[in-house]
Every structure is written in structure tokens, then in C-alpha cells.
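Consider the two complexes below, in which chain A is the common component and chain B and chain C are the respective partners.
After this line comes the complex of A and B, so read on.
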């Protein structure tokens, strides 16, 4: 199986996943007893007649059989047609566009940072195993691994925003005076100031997992014969570690990248709510509290699932490129 | 006999193995720590009703002692947003009087050719404990002391405001700084029950009450130990008419108010029952609080329009300081600030006026109390009391241990069982079944669980109106078995090929026999480890859901404490620095319990999978 066939297989697999997500979305929605129109009519308390009710059902396509409705929802989700917001009447996709971009920026930065730092520290911990550095790093990782993210966030706010006043405690963009148009440099700088603390929180939340995983993977390979050979050849310790050990140990790490994304989405929801950062997480919070806004929640779930599937797909591709065994195995 | 012996032997073996593992855990530092913390929390969970004295969801003062607050009306245990009781020992918390100077700049504006002062009334920042002096510093440096009532007046009781005479303000040059000097005080205050025995269960309580009357011949006061509300004793005031007037008796309970801050609110309460020789007899009760230092008596409530009539049952009267009647009687929206400005000697007074009595009557008084709510309570203070009355955070925290342990352990148990079952089937059967199970597991692994949980719970909420703790356990279980079933499957795949399985097959062992007798025992060490390591995830997921307000609102979980904090708006107004004791204890508890299970899991991993030990 060449690279092309491998990629084709992954594409088919991703498409199946997307189909499954859409189906789950549809199932959740049809789980509700009655239909949205019936709920709307109930809220009007009899100020609407039977004919108008049937008309509304017909207009929204709710009188059609299940499989037709399923097809409709399949098509509209695939074309990102989530309908309009109940309150403002704006298309849901427009409401989500900016938060989505902000979330991708936040999660991407945090993920990349924590992977790089986590792998470096993990290699160090494995190399100096049972030493002081190793004990500190693994214990620290275990603790950050099991500390809930809102706790991390609150401590970060308390230290860096309230005590030290280094960064703003919440928000995502400063209140520019009315009519003031910031230069693009100013804009980027301001955005950076607001993104630092949420990123740091997410970084602390995820880095422990990477340290532990890298350490375990490196320990798995560090006693292999080819490592001994490399040492015997007289290669520098650093070359052995990063070229021979880490390269082989990194394979399981790549699969974890994709899975880490799924948990990162959850972490981002809480972090963004905590920092009032205008992302999908804050949008989720506004869709839950005080009254649940189901269509928006579903759109959010669909988009985050899609993000995770795409991240998975990219990780799979990387895996295929780095490890030739996958392609031909 | 034979089976009994083998069973006994097997039990012995199991016990020995368990003991063996326990000794090994006790040798590992991490394991001991983990087990210690878990045992601590388990004890906390079991003893919760003993340790935590208050109801974690709807706490209330005993309605038997305060029967006016029974049923739907609840007498709160403390005021909202209390500090912990130990807060006053913190070095940076000030105590005592403090002088305040509020300054304002007199600004004159020109309009129609004449100068007008921009404003002539100033709002003071703090409560005024003692009257004030007002000085004006002119721009050239001269300082004038302003004369009270001539040049300025105040309304400190009602709206904390100083008014300057407009003509004077017009005469003061632009830029004059007007300084208002006054005394205020700050202290962490505590709840004060002025009678420690409001149910009047012993005659000694009567010694704390002064009975004052101009008609001493008419009244006879004694302790009655059977006629009280709940038959636990009460005050009996025996009255026999000696004059033609309406005769009056005054009950006075003197006490000392020790704090430099006023209480946050107060409640008065009493129950009364009248026995008289005529049904027209009435007793009119009026409640006052007298501050002896300022020599002012404040009417709290008068029940002239609802007097005590002869009746076979007790009637209950109560008044809260925020009620319309009290605020209008005292003449301030904050009656407690007016009545208790400084540490002072105070009296709680109930005046009883007997009307229309023929010859004699007996009034039974019970449940007499005046409660002053301070701003500190319990070990961890109270929350903002929404939608129910303020809760004792410590009690909620202790009861929350149960929820976290139950959710964590049960979800881990169920998901491990499902994972084991599906992993065994998938690994041993292989083929089509394997493919289906593993693809399904892959799908679930890829789904972002928290957004999915949020959607599902939101749907459940709008469908059934509520979510209970079991829904959450089921959700966590359903999305928690995948990675374990994968590792079980891979283990089964390698075990399946080993010679002893082949031998068992050759000996005629069926699938079920081989799985239960040969494969499961080999997989089991992994089960223990997974049990321990999947508890933290479940605990944190439950806490996160409750944090977002998607938990069971009738269950006192740790995440719910944090949700209450989130939606109280305290984080925005007062900040984490002041109310850290509200959120950090539950956070630390979640982190500790989760870490403990992870440590236990790692210790078990090292003990039960000795391969790892050799490598390290």
C-alpha cells in the first residue's frame, strides 16, 4: 500500500466519522419529545390555530417522514447551514465564525507549546530517570494531570492578573476609545496580551500528560539494541537521544496528538468561560446559561467534532509520512 | 465437605494475595500517600452528617425553636457571603474604629450670568458611626470650620448624605476642598443569639430577663414547665386586673453588642398564647431595641392590628430587619446600621399591653429571641444564597465528598466492566465482531466528550426538566470504556496465542471456560490499575459539568459550589482575593482526590506489572 492508498483510506475513514457525527447530531435532536414547533405553539398558549400550526410544520419540513428529514439535516450540516439564531435572526454560522477562529488560535498555540515543552521535558525526565529532576517532573505532571482546569485557571488569574498585574484577567480585546482605530501592530500586541493567560492555563493543563507520555515512550526505546549500537559507535549522547531514541519514541506520541485534541476542546470550553475569551467555549457558556439554546449547542458540538476529526486526519497523515511501516504494513 | 475446603483455600489464597499487595503498596511512598488520602475522604463521606452540621442544599434554623419560620419560610442560618470565623485572626484584617475623611471639591458653574454650585449634597463612602465635622479649605490655604445645622446638615441615618447650604456653597470660591471627617468602624462580626435558650427550657433563662411594670401588684411571673410550645417550658405571665387602665408589662433582655461593625441583619421572634376569662381579651405586643449608649429606642414592630387573642394554640410573631415595617419604623433602609453604630449596651424590649380583660388572664411566652447576623460563619463562610438561603460552604464541601466518590468510583467500575467485556469479546472472537466493536470505540474516542455531554445534558434538561446524578454516571461510563477495551483486546490477542491456551483448547475447554478461567485472570492486574486510574477522569468530568451548571441541582457536589460562585458575580465585584476560601477548598479537594487515585493506580501498576519495575 503506497502513500496514496493510505491517504485515500484515511479520507474515507474521516468521511465515515463525519457521517457518524451528523447522525448522532440528528439522533439527539429527534430524541426530543414533540417537535420544536409544538414547543413554540405550547409557549403561545392557544393563540394559534390548528391550521397555522400545520402550516408552520409544513414550512419547517417537520411533516415529512424521518428519512427525508435525516437527508435534509445531512445536507444542511455538510453545507454548514445551521439556520438562524432564535434571538437575533443572524445565521448561526456568522455568530460562530469569529469565536471559532479565536478558539483555533488559542488551542493551536497551547497545543504546540505544550507538545514541544512536554516532549523536551519528557526526554530529560526519562534520560535522568529516578533523579531529582525526574521525580520533580513526574510528580508535577501527575499533579497538573489531575488538577481540574478551572483551578489552574483561577490560580493563574490570581497570581498573574490580580497580584502581579502583568496581564488582563479576562476579555479578549481591550476597550478601545470610541472611534479609535488601532494600528495592526497595536491590535496584534493587544490580542497577544489577552491570549497569554488562557494559553498558559491550557498549557499547564496539557503539558503534564505530554511529559508522562514522552517519558514512558522514551523509556520503552532507550534500552533497545540499536540505541546501544549508536552509543557504541561513539555518537554524542545528545545525538543518540534526539536522533535515535526520540524519533522512534515519537510514533505513539503522534497518535496521541489527535486524541489530545478531543480533550483540549473540553478544556478550552472551561478556560474560555473562565477568562471570558470570545471563543467557542464562551459561546457554549452563553448557550447553556441561563437557558439552554439547543440549536447553537448542536452547531458548536458539530464544529468541535469536525475540528477534532480534521486534527486526527492531519496526525494520521504525519504518521504515514514519518513511519514508512504504516504505509506498507 | 470437599467443595467447602477448596473454597476456604481459595479464600485464604485471595486474602494472602490482597495482604501481599497491601504490604507492597505500603512500601511505595506514592501508594501509601494515595491510599491515605482516599481513606481520609471515604471517612469524610461516611461521617458527613456528623461532621457537617447543616443541610448542604436548604439549610435552616431549627423550625421547632423558631416556629414562625416553618414550612416554606426559612430562617437562614447566617447572612449571605459570610467570611469564615477564623478570618478575624488574619493579620491584615483590621478591627476597631477608624477615622475617615471624605473630600469633595466645590465647583461653581455659570448660568444666566449667575454662579451656581454644581452640587450641594455629598454621599459618604462609609457608614457613619459618630457625627462629623465639616471643614472647608479655600484655594488660598485658609481653613474654615463649618457650623452644623447652620451651614450644613446631614442625613446619615437614611442615606448617608451631607448637605451644604447652597448660599454658602455659592460664596465659597471655585476649587474649595470640603472635608468631611467622621468615625466608622470595621470588624469581622459573628452571629449573636441574645438568649442562648430561646425555647425557655429552664427557669434560669428567666434570670436574664428583666420584668418592668408600673403595676407590680397585677403581674406574677413564673416559669411554667409544661405549657410551652412543644411542651418544653415557657414564661407564664399571670395577670389579675387591679386598675381600670390597660396595664402594661415590659420584658427587657439587656446584652452587649461588642463589634465595631453593625450586624448585617437581625430577626426578632416570639410565640405567645393567651388564656383569659373573656374572648374579648387582647394583648398588644410591641418590640423595641434600645441603644443605651445613644439613649435611643427604636420601634421594630408593633402588632396593634394583629393582637394576641385567646387561643388554644401558640401564635408566632417574627420580624426581619429588611421588612417594610422595620425600615419605616427605624427610618432607614439599613436599620441595623442605625441601631448598632458602635460597640454598645443594647436592650431587646417586648412591651405587652393587656386590654379588655375581665378579671384575670395568663399569657404564655415562648421562643423569645433576637438574632443578630454577623458577617462571619462556619469554617468556610457562606455562599450568596441563591436561590435558597445562604449555605454553609463547609457543610456542602463535606457532603460533596459523597457525590464525587460515588460518581468517580461507580463510573470507573461500570466503564471498566464494559471495557473488559467488550475487549474480551473483541479480542477472542476476532473477525467481524472485533471490527465492529473497535470501529465503534474509535468513533467514540474521537468525539470531543465535553461538548457532547453538554449537548446531551442540555437536551435532557429541556426534555425532562432535570438531570440527576445517575444520568451523569451513565454518560461518563458510556464514553469511558474505549481505551481500556483496546488494551484488553491487545492483551487478549497475545494471550490467545500462548501455549497454555492451546493446551486448554486441546483438553476440550469451551470458549466461555477459556475466557473466564485462563484469560481473565491474566488480564485482571490491568483491571485494578484501570479502576484506579479512571476514577480521576470521572471525578473531574462530573466537577466540570457541575461547574458549567449542568449537574444535578439538588445534589451538593463540589462542582456545584464552584458553579454557585461563578454565577454569583462575586468574581467580578469583589474578586478572588477576598472570597478565595469559597472556591479553593473544593478545587483542592477535587485535585487531592484525583491525584490520590492516580498515585494508587501508578503504585498498583508497578506492583502488578513487575516488568515495569525491572525497566526503571
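After this line comes the complex of A and C, so read on.
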């Protein structure tokens, strides 16, 4: 089997998965007690009559039989038609636009930093295994990895925002006076000031995982016979490490990196809520509490699941390109 | 002139609880075109000797004493870059147990051999190196086109042949074969050993054959060194060591090997197990398991003496 057949098979798998995601997404929301109209009606507190309620249900197609609604849902989700929000009437996609961008800025920075630093430190830890550096890194990773993120967030806010006043404790953009248009430099700088603390919090929370994972992957390959062979051949230690160890050790890392980027768009609910950062996490939180916003939630779930599938697909592709055993296996 | 002369090689591994004295005072010599077997049970330090010769010990391993003279160049004293340029693969190359994982699964076999050639011979183009790989493949009995394949596409025997081809890529004078036929079935095993024997004659190659299988060594080697708990206890011509083993451990080892011609009998084994090398016995390391152990054996470590012509043994019994 060549690379082409491998890719074709992965594509078919992904399509099946997307279908499954849509179906489950539909089932969950149709099993929930009360449809979106019922919630809207409830929020009106009786200022609506039965006839109008039925009319609305009919308008939104909620009186149709299950299989028709399923088909409708399937087509809508496939075409990214998530409908309009119940309250404002704005398209759901528009509501998500800004938070998604904000989240990508925040989580993207945190994730990229944490992956780069984590992998570098992980390789060093594995290389100097059982030494002082390794012990410090491993212990430190375990600590930051196991402390709950809201606690890390509190400490970070307490020190850097409340005590030192270096960075704002929350928000995502300053309250510029009405009519004031900041220069782009000013704008970027202001945004940066706001993402420093949540980024740092997320970084602290995730970097330990990368260190530990990389260390384990490298240690698993560093004692393989082909590494000894590479050394015996007279290759420089650096070449041995980067060409012969890291390529083999990178396989499990690729999946993790891909999934980390996929989960990125879902946002960090706790961190974003803690820092009142207007991202997907905060949006999700507001779509659940206090008044559930089902169309929005459905869209968020669907996009998150879709990204996980895409990320997995990319990871599988990279696997196939990097590891000949998978390509032909 | 002696090609390789190892003198009092002593290698320790540092672990939390102290030093593992894996190899202690090991001395032997090797001529051009000569094959020496290094035998002993698992953990007796055979592989550590091999890794010491190339100085590719794990980070916690260290040569604490001794000389490794290769053409009068002391490998122990060489710098890392001199080792890379003059010793590793250029003078001494190494093949492993069954070669299951001795080649990197991520790269084509050809590329891995080309890597070795171009590392040691600057100025060789990729094309020339690939042609050499084809010739090497022919020499070890593989179809040259197969070089474009990945290691996982090779069978065990083919992989070992490819490994041998890679080991010979830079015309080394010594080939260390660490359990070259373990994990191969007997027929393939015989083929690989035959190949090594042919190459030895053809290229005047010196071979250090590490094995726990005495029958393999008796078939392919001229000389045999028996290791026990980090020390060489007996070394000499294969024939004289087999015919007239002097050390009680060698005797036990040979007796533990059933002969297909001898009448049916219980398998004999050496009772006990090798000592902990963190804290080996003070005298002869075999003394606790030895039937002939005397007072002196527990106090003094016997040194290697020439008992017969080209037959050395380290045992207090032979002093008498």
C-alpha cells in the first residue's frame, strides 16, 4: 500500500467520523428537554399564547418528524449554516467570530510557547536523565501539571496584577474613550498586555505535560540499538539526537500536538472565565449559564469536534510521511 | 604486528548505589584477520568490552583504567572528534543481536549506509556512495535493488546481512559482532556465520565474536576468551581451550553443553549465580561457585598466566 491509498483511507475514515459527529450532535440536542422555542417562551414569562408558540415551532421546523429534522440538521451543519441566535437574531457564525479570533490569539500563543519550550526541555531532561536538571524539570513539571489551573490563575493574578500591577487582571481590550481610534501599534501592544497573564497561566499549566511526554518519548528511543549504531558509526552526538532519536521519538508527539491545536479553538473555559477574556471558552460558558443558548452550543460543539477530526487527519498524514512502516503497513 | 591490544581494560558504570564493576582488568590481543570469540553468560561484561573499544558507553559508563592500543594508537586517550574520525566505523565497526533494531526504521537501508560512507570519506558523491552500497550488498549476498527498501521490509537474516554490509562500508580492520546470530533461526544463523567467515578470509578482517553460544564460537573463531563477572578467566586457541579447559568455570561451561555424540546423560549446570558486580567478591570472582575453591581464592584475585603455549588462565589451581 502506498501513500496515496493510505491517504484515501484516512479521508474515508474522516468522512465517516464527521457523519457520526453530526448525528450524535443532533441526537444530544433533540434529547434535551425543551426545544429552543420552549426556552424562548419560558423567558417571556407567559406573555405569549399557545397559538403563537405553535406557530414559532412550525416556523423553525420543530414540529417536523425526527428524520426530517435530522436531514435538515445534517445539511445545515455540513454547510456551516448554524442559524440565528434566539435573542439578538444575529447569525450564530457572527457571534462566534470575535471570540474565536481572541481564543486563537491567546491559546495559540500559549500552546506554541508551551510546545516549543516543553519539547526542548523534555529533550534536555531525557538527555541528562537522572541528573540534577532532569530531577528539577520532572518534579517541576509534575507540580505545575497537577495543580488545578484556576489555582495557578489566582496566584498569577495575585502576584502580577494585584501586587505588582504589571498587567491587567482581566479583560481583553482596554476601554478606550468613545471615538478614540488607537494606532495599530498601540492596539497590538494593548492586546499583548491583556494576554500576558492568561497565556502565562496556560503555559505553566501545559508545559509540564509536554516536558514529561517528550522526555518519555526520547527515553524510549534513546536506548534503541540503532542509536548505538548511529553513535558507533561516528556521527556527532547532535546528529545522533536530531536525526536518529528525535525522528523516532516524534511520532507520539505529533498526535498530541495536533490534538492540542484542535482543542485550542474550544478555548480554555476556566482560564478565560477567570480572566474574563472574551474567547470561545467564555462564550461557551455564557451559552450554558444562566440561559442555555442551544444553537450556539451546538455550533461550538460541532466546530470543536470537526477540528479534532481535522487535526487527527493531519497527524495521520504526518505519520504516514514520517514513518515508512505506517505508509506501507 | 599486533592489530589490537587491550591491556587491563577496566570499565565501571556509576549508579546511585555505587559503581558496577562491569569489566575489570581485561586484556587480550588480536591479529589482523584473526577471529576471537568472547564468551560468557549474560551480564558478564561482554558487551561493555565492545562498547569500550568504540568508547560509546552510556553516559554513566566510564573506562577507569587500561589501554586499548589499535595500531599503537591508544583509543582510551583519544578525543571525541578523533574517535569519530579515526576509530568509529573507520577502524572498528559493530553489529548487533539479530539486527532487529540495529537499523533506524525511519530511513532507507541505502541511506543509512551512504551516511556512514560519506561521513568518513569526504568528497564521495551520493552517486558514488550508492554504487558502493550496491557492491556491498552483492558482497553479502543481497540483491542490490533491495538497498532502496526500509529495514522493516527485510527478513531477519537479510537485515543481518544488510547490517554486515553497513559495517564493512568503510573498510574497517575490526568487526565486533555482538551476538550476531541470536534471534535468527538455525539455518539463517549458519548462513550468517558462514558469510562472516568468508568475509574474514576475503578482507583479512579481524572479528570479535561475542556470544554465549560456545558452538558458534568453536565453528568460526581462532581464539577464545571466556569472561566471568567482568574478568577474563581463560583465553587461548579455540582448540586448546576446548580440548583442555583449565579454569573450573570453563570446564563447567563446556560440560553444560551437551554433545550430540555422547551417550544420554543429565545436563550439568554450574550451581549458584554470578556475583553482584556492585560489590564483587574480594578474591577470585568465581570462588563462591567453585568446587575447588581454596583459602587463597577468597583472598587474592588470580592473574592471567600462560599455562600452555598461547593458553592463558586466571586460576590459583594452575599456579600449583
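Quick note on the criterion: the second predicted complex is superposed on the first by the 293 of 329 C-alpha atoms of A that agree within 3 Å, B and C clash if a C-alpha of one lies under 4 Å from a C-alpha of the other, contacts with A are read in each partner's own complex, and residues count from 1 in each chain.
One rule holds for everything that comes next: a residue touches a chain if its C-beta (ideal position, glycine included) is under 8 Å from a C-beta of that chain, and two chains touch if they have at least 3 such contacts.
Everything numeric here is computed off the predicted structure, so don't read it as measured data.
Undergrad: Give one word, clash or fit, describing how chain B and chain C relate on chain A after superposing.
TA: Here chain B and chain C can both sit on chain A without a clash.
Undergrad: Figure out whether A:312 sits in contact with chain B (first) or chain C (second), or with both, or with neither.
TA: first
Undergrad: Between chain B and chain C, whom does A:74 touch in the aligned arrangement: first, second, both, or neither?
TA: Touch partners of A:74: none, neither chain B nor chain C.
Undergrad: Quick check for you: in the superposed arrangement, does A:196 touch first (chain B), second (chain C), both or neither?
TA: neither
Undergrad: So, A:62: does it touch chain B (first), chain C (second), both, or neither?
TA: Once the two structures are laid over each other on A, A:62 reaches no partner at all.
Undergrad: Rounding to a multiple of 10°, what is the angle at chain A's Cα centre between the Cα centres of chain B and chain C in the superposition?
TA: So the angle at the centre of chain A is 110 degrees.
Undergrad: In the three-chain superposition, say which chain, chain B or chain C, touches more residues of chain A.
TA: Looking at chain B versus chain C, the one contacting more residues of chain A is B.
Undergrad: Nearest CA pair across chain B and chain C in the overlay: distance in Å?
TA: Comparing every C-alpha of chain B with every C-alpha of chain C, the smallest gap is 10 Å.
Undergrad: Of the residues on chain A, which ones does chain B touch that chain C also touches?
TA: The overlap between the chain B and chain C interfaces on chain A comprises residues 129-130, 223.
Undergrad: Sort out for me which residues of chain C touch chain A in the complex.
TA: 16, 51, 54, 56, 58-60, 83-85, 87-90, 93-94, 96-97, 99-106, 108, 115-116, 119-120, 150, 152-153
Undergrad: For a test of understanding, state which residues of chain B touch chain A in their complex under the given definition.
TA: So the residues of chain B in touch with chain A come to 443, 445-452, 454-456, 458-459, 461-463, 536, 540, 543-544, 547-550, 562, 567, 575-577, 580, 583-584, 587-588, 590-591, 594-595, 597-599, 602, 615-616.
Undergrad: Which of the residues in chain A end up touching chain B in this complex?
TA: Residues 17, 20-21, 24, 28-29, 31-33, 129-130, 142-143, 145-151, 154, 157-158, 162, 219, 223, 258-259, 261-263, 265-266, 269-270, 273, 284-285, 287-289, 292, 294, 297-298, 300-301, 304-305, 307-309, 312.
Undergrad: Sort out for me which residues of chain A touch chain C in the complex.
TA: 129-130, 223-226, 228-236, 244, 247-248, 322-325, 328
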